[in-house]
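Labels A, B, C and D are assigned to the chains in the order they are written; within every chain, residues are numbered from 1.
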Amino acid sequence: MLRLDRARVYDPVQGWRGQSRSLFIENGRMVADPGPQATVERVIDLEDAVVMAGGIDIHSHIGSGKVNLARTLMPHDHARTERAAALENGAWRHGGSGQATPTSWIAGYRYAEMGYTAAFEPAMLPVNARATHYTLADTPVIDKGAYVLLGNDDLFLRLLARGAEPQRLADYVAWMLARTRSLAVKVVNPGGISAFKFNQRALDLDQAHAYYGVTPRQVLRALARAVHDLGVPHPLHVHTSNLGVPGNVATTLATMEAAEGLPLHLTHVQFHSYGKEGPRGFSSAAEAIAEAVNRQPNLSIDVGQVMFGQTATASGDTMAQYANRRHAHPHAWTCIDIECEAGCGVVPFRYRDRNFVHALQWAIGLELFLRVRDPWRIFLTTDHPNGAPYTVYPQLMRLLMDRGYRNRMLDAVHPEVAAHSALRGLDREYTLEEIAIVTRAGPARSLGLRDRGHLAPGAVADLVAYRDDPDRDAMFARPSHVFKDGELIVRDGRLLAAPQGATLALEPEFDAAIEAQISEHYARHLSLRAEHLAVGAQELADYGGRAPLILPCTRHG
Amino acid sequence: MAEYVRNGVRIDDTFAEAFGMRATRLLVTADHPRWAHAAAASACGFATSVIGCGCEAGVEAELDPAATPDGRPGVALLLFAVSREALAEQVERRVGQCLLTCPTTAVYAGIEGEDRIPLGRRLRYFGDGHQRSKVVDGRRLWRIPVMEGEFLIEDDTAAVRAIGGGNLLILARTRESALLAAESAVAAARAGRGAILPFPGGVVRSGSKVGARRYPKLGASTNDAFCPSLRGSTDSALEPQVGCVLELVFDALTEADMQGAMRAALAAICARGGAGGVLRVSAGNYGGKLGKYHFHLRDILPEQDP
Amino acid sequence: MALPSSQSRGSSVSGLILTLKPQAPEALDGAGLLPASLAGLSPAEAARRPLAPGIELGECFTVQADPAAPDHRLTLRTGARRLARLGCAMDGGTLRVVGDAGDLLGQDLRGGEIVVEGGCGAYAGAGQRAGLIRVRGDAGDFLGGAADGYEGMRGGVLLVQGRAGARAGWRMRRGLIAVAGGCGDWCGAEMLAGTLVAPRCGARAGLGLRRGSLVLWECPPELPATFNDAGVAEFVWLARLDRWLAALEFRLPPLTQRARRLVGDQGAGGKGEILIVGG
Amino acid sequence: MNQALTCPFCGLLCDDLGVESRAGRAEVTAAGCAQARALFPVPPQAQARIDGQAADWRAAAKAAAERLAAARRPSIAGLGCDLAGVRAALMLAERCDARVEHRHGAALAQELRATRRGGSLRTTLSELRNRADCVLFAGTRAAAHPRFFERCIEPREGLFGARQRRLILIGEAAQTAPESAALEHALAFPNAHLAEAVQLLRARLAGRRLDARHWHGIPIERFDALAAVLRAAHYGVAVWDAAELKPPHAELALRALYDLVAELNRDTRWAALPLGGNDGAAGAAAVCTWLAGRPPPLRYVHGAPQDALNADATDLVIWISAFDPQAAPPPDVPAVVLARADWRGGAAPAIFIPVAVPGVQRPGALVRLDEVPCLPLAAPAPADLPGVADVLDAVRAGLAGRSAHAAA
């Protein structure tokens, strides 16, 4: 047994708000205070450090094929390399490269070094599921999982267009979830990626798909219903139509209503909160979006905060990314139509603080953070790497917690932004407890990770200790201790070990008839067999990962 | 008024009152010097006074082919205006109408400076999309296709602080003696660099005073105190022997250039001497209230009698 | 004995001469060998500078003072083309290479002057922004071209007295390349802008040329069919260019104003040109 | 049993093969091409050898580690193996500062360099099969992918109904009559001129006047007619194979083709489908990119991945060819060969270690030539041979403590 003394624990699930206490760990799990008689093999004095459960990133593109495309398009990002080096305990630390699009080994190290112990790839194509899980297996330390991308595949769209029963669609969704070892379902530009293949260049919520005649609203409702009926813990993860288009706030608000009370998670909402007011035809609509979230308890969002610097935008949204291609920096971009399933588009991008649009995007993201009242329904993300690489999280936390710092940065960006955003008037400063919610407890609850995101007895002993520092950026960037499954893996920001994390997945049940129908569809029309989409448990272990850990398909109370 | 005497010419202890202006230098080259001069004559035409012409301009020097950016013969032009904006407008008009149009010419910036005004930057649109940019030796040039080939013009030039309104008044016995003195003075002043004399032949006969007595709306009117024929009608500044007064007006890039040009001119006037009919040299000023620069004649006197 | 212009820096008074040791590793990254980073160091101090992680400069080079040179001059005696990325991102001073330079000579050069007494490898001047590179011998392929992670040449001057290999000026964006000995095939391919001057070049010059000028004395063989002949005309800027090359003391036949103009690549917008001097 | 297996022997990864094991050897019983039928049967055993002497594979791996430790500039090349093998190769390379290259690295590099220098719109096999009403074969007839026509072009009944495909061949491939499908347009010329031909097409598509009336004997009007056909497509696909174009200038043709596709796509839909990916090249590119930030060729310097600068002479090559029995390592360099049991790619190498063929003797995974789909490989005829990753891991273990920066 390991005892951690003098831990000022912030655990919103247990209502702990920084009181100094001891924590007990055994066999990789948190355990209750065993009393004075218990044998404690090891004691670590945390010296009143701030302690939280390990960070959980609910939306980070670290595994899918599009990230690999982004890497190949950004040779400059990979000119800075990291050496392979031996770790203290003899485990091997691999080499790698990249800042905005880090290679997988170092992506895992960097998450661990800032106290994150889980991250989830939000856009996995079924045909790319195997490669995604292999990449995640090569992303050490953290626990991981992936959301299967549905809603633009021709099989689903034709089922929907032919008026298939909700149960049939749910079977289809369940089959995809189970076979591709996914943890949730994501839809990107519902129907729009497919419509682009038919030369439609835009598709609004109630606009008909040129071939199937269905609308994004129908796609969204069908998937949200299926996800709900299957008991998938995480609501349908939605990247709405009209990504990045000025004035898209109307679509986003309509999408929120379209759920008709079903749970819905809207992702990287910052990119969907744009008005078209003002002399530049681009304005912040964060207030309207935040009010809608505040009003509708069935909604949760993650922000997709923009921070300044070079990054890459990578999305399944071929339609939007094709339109964005002219902004590519450096000037190289790739869009792919994929296997009658979906698509992807990669556009390298540099956000500049002196650019009005970029700086307003930055302000819009912060406005969302500060205006949404319930921290349990908003999660901290940059949509890595779309808004910025996840390594900016400590700085983002400081922006949320330190109003003076926030306003100084507002003074430094494009001068018109302060006038076009209400940011300066927002006094709110996040507390440590709120940070613990938006970076740990909230994402864990939303994903159905019952033994993660908190430190109650029985929880996985993923926890992190930060030396209290008024400079929250410095504090969150370099934890004093990080424990993964009860093992001390980081000391003073330095990685000590790189164990393999778990892959979390669901295995919902489905009617066997759907399997036959899917197999027939693939065999007859596509260039690969449906059964080859299935990722085997043993093959993941053979490759170097761990067999998936199956979570129950029931929603959180 | 204290006086200095050189070679029989009295020189007033007064000063020429001069003003700040903005100026640029353009180098105009051509296949043959006569085309460079033809272009220059047009570009500097009708540019005697900012009052009515928008700018004051003149040929500063003829350039040896070895000294031009493209190894062809050429001339250096100086253009002066009251402001950066006025200068930019005049440069664009004159270059567009007189240099773009003239066979074989090319135009380069001839002066360094932080403050840039467009030279070819807007004129390039004459190329209707066929214009091409070239950066040569750190300078951006525009190649504008024209019927004869290509008009080559630098993207921008510098607008530098400069001085206008330096002057000398030659008081002589006769018109002939005044003209001869003025001509030799202009030739001497033009031999140097950094200054021009923008009036015809470098000489102005219609020296003016500020405002008018009879016509209130007039900004300037004849300098009656120096008009010999008005000696009986006004408070004349002229002694009875003076039969003719001519003025030399100078624009220069720097105070040193101004002094150099005025010194050369004064020396040439003095060289004509009393024997040549020159009686006195004076300068125009407004009592020192209006101009920033005062060029005292005592500072530019010839050393002694030549 | 007093050395001129050396008083202010105490004992560090001279430039340095670095001579490559035969036992040095075969493929060496020379990116750190910059006049500025070694300026003011004694030979012993310079020898202890890291050349790469875990390798000290002195392991690969013998280091001597160069009392005849000011301390912003560095001389490398290299032998064969082993040292890659010499002068990478250099922003001032003078780097003299006695012998050959490897690939990526002057990559991302921002200022100063590099003089190579011998030849150089591929991608000399890749991404060069400013400054001057002189190569007395021959240059490899992709002179001023776009190496991975870099654009083509973006500014400055690249002068090669000998021959250049294939695809000189590939994706060049700005600046001047002049090659006295002529260029290989695909010269000026996909060039975005800028000027490349050579007496002659190999086949298929200018393919994919978007803007920019190739100035040649002989019409290249197998000119792409996407170039149209604009005939002969007078181009004053060639006279201007001629003066510039003379000022750079770079010897080429004189550039006349009169040239044949071939416009293309029509497949890539048609805004580029090949000028054949003398018509 | 063993229905619908994936064939690892070209980048298409046809996954509809019937395979049976007879006396320890796999035999294709349904749906394979001639190449698959020739390559599936592989002997279940072969002898590892050190300098010609028979040895246990573990001893051979240990000997390889010793030679690797003594080498100054080793390379791991060929790289014909599954994803796990590539991963193991990188883990070994970072320990000994090796260069890593794939047998088809030159074609990979041409593709990479072309896509890094502008826009690229691409598509995948199923999209082509179901949507394409116009396919432009640029300098290729997909000869390196025997079932390409059968699986992607010939099926006319697609998801969106019957499709009349217009097929166009340009380049060398048009110089001989095709065995499949009637072609409407064929412009025959050497592939070396492909870049120029595509620029011609772009010029005419953009409505630009040309002096030329003919090009290599082809009237310019034929380019105009072709441009009209391309423009009329609803979903056009341009197909090429970089391996059939000569590096290093092939990238100019590829860049021009990507630009052509992007220009056509302004009004209608067009996409490119680059072929390639044989001998596990697509998987090697994928794994190297996610682990080392770049596809091969790459090199490690002091344990950090970098772009390979130039083709340095190497002094020891670890040559991997688990799929092709004839792939030969570079001549005149001592070689450690990890290859299928029936490998006969040249003279006896310094060390030979037979490995199991992924997809025949051992499960694994590969990435298809269109880069996105990643397919499982089965083991219809399991053999008692180590996998590529097993051997490379053993070599790495043998290096422990030897590498200069291992203890840094």
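To be clear about the criterion, a residue touches a chain if its C-beta (ideal position, glycine included) is under 8 Å from a C-beta of that chain, and two chains touch if they have at least 3 such contacts.
Quick caveat, the model's predicted, so the values are computed rather than measured.
Enquirer: Would you mind telling me which chain pair, A-C or C-D, is linked by more contacting C-beta pairs?
Expert: C-D
Enquirer: Taking each chain's centre as the mean of its CA atoms, how far is chain B from chain D in angstrom?
Expert: Here chain B and chain D have centroids separated by 75 Å.
Enquirer: Please work out the Cα centroid separation of chain A and chain C, and write it as a whole number of Å.
Expert: So the centre of chain A lies 46 Å away from the centre of chain C.
Enquirer: How many angstrom lie between the centres of chain C and chain D, each centre taken as the mean Cα position?
Expert: So the centroids are 36 Å from each other.
Enquirer: For chain A versus chain B, what separation do you get between their C-alpha means, in angstrom?
Expert: Roughly 72 Å, centre to centre.
Enquirer: What positions in chain D touch 2 or more of the other chains?
Expert: Each of 116-117, 302, 304, 307, 405, 408 in chain D touches at least two other chains.
Enquirer: Provide the list of chain C residues touching at least two other chains, using ranges where the numbers run on.
Expert: 53, 148-149
Enquirer: Going by the touch definition at the top, which pairs of chains touch each other?
Expert: Pairs flagged as touching, ordered by label: A-C, A-D, B-C, C-D.
Enquirer: Can you check the complex and tell me which residues of chain D touch chain C?
Expert: 72-73, 113, 116-117, 195-196, 198-203, 206, 208-212, 215, 248-249, 252, 255-256, 259, 301-302, 304, 307, 309-310, 312-313, 404-405, 408
Enquirer: In their complex, what parts of chain A are in touch with chain C?
Expert: Touching chain C from chain A are residues 75-76, 78-79, 83, 330.
Enquirer: Can you list the residues on chain D that touch chain A in the complex?
Expert: Residue list for chain D touching chain A: 4, 6, 13, 15-16, 83-84, 87, 91, 94-95, 112, 115-127, 129-131, 151-152, 158-160, 234-235, 268-269, 271, 286-287, 289-295, 300, 302-307, 363, 365, 367-368, 371-376, 405-408.
Enquirer: Can you list the chain C residues touching chain A in their complex?
Expert: Where chain C meets chain A, its residues are 53, 148-149, 151.
Enquirer: State the interface residues of chain B toward chain C in the complex, per the touch definition above.
Expert: 29, 69-72, 104, 106, 132-137, 141, 143, 148-152
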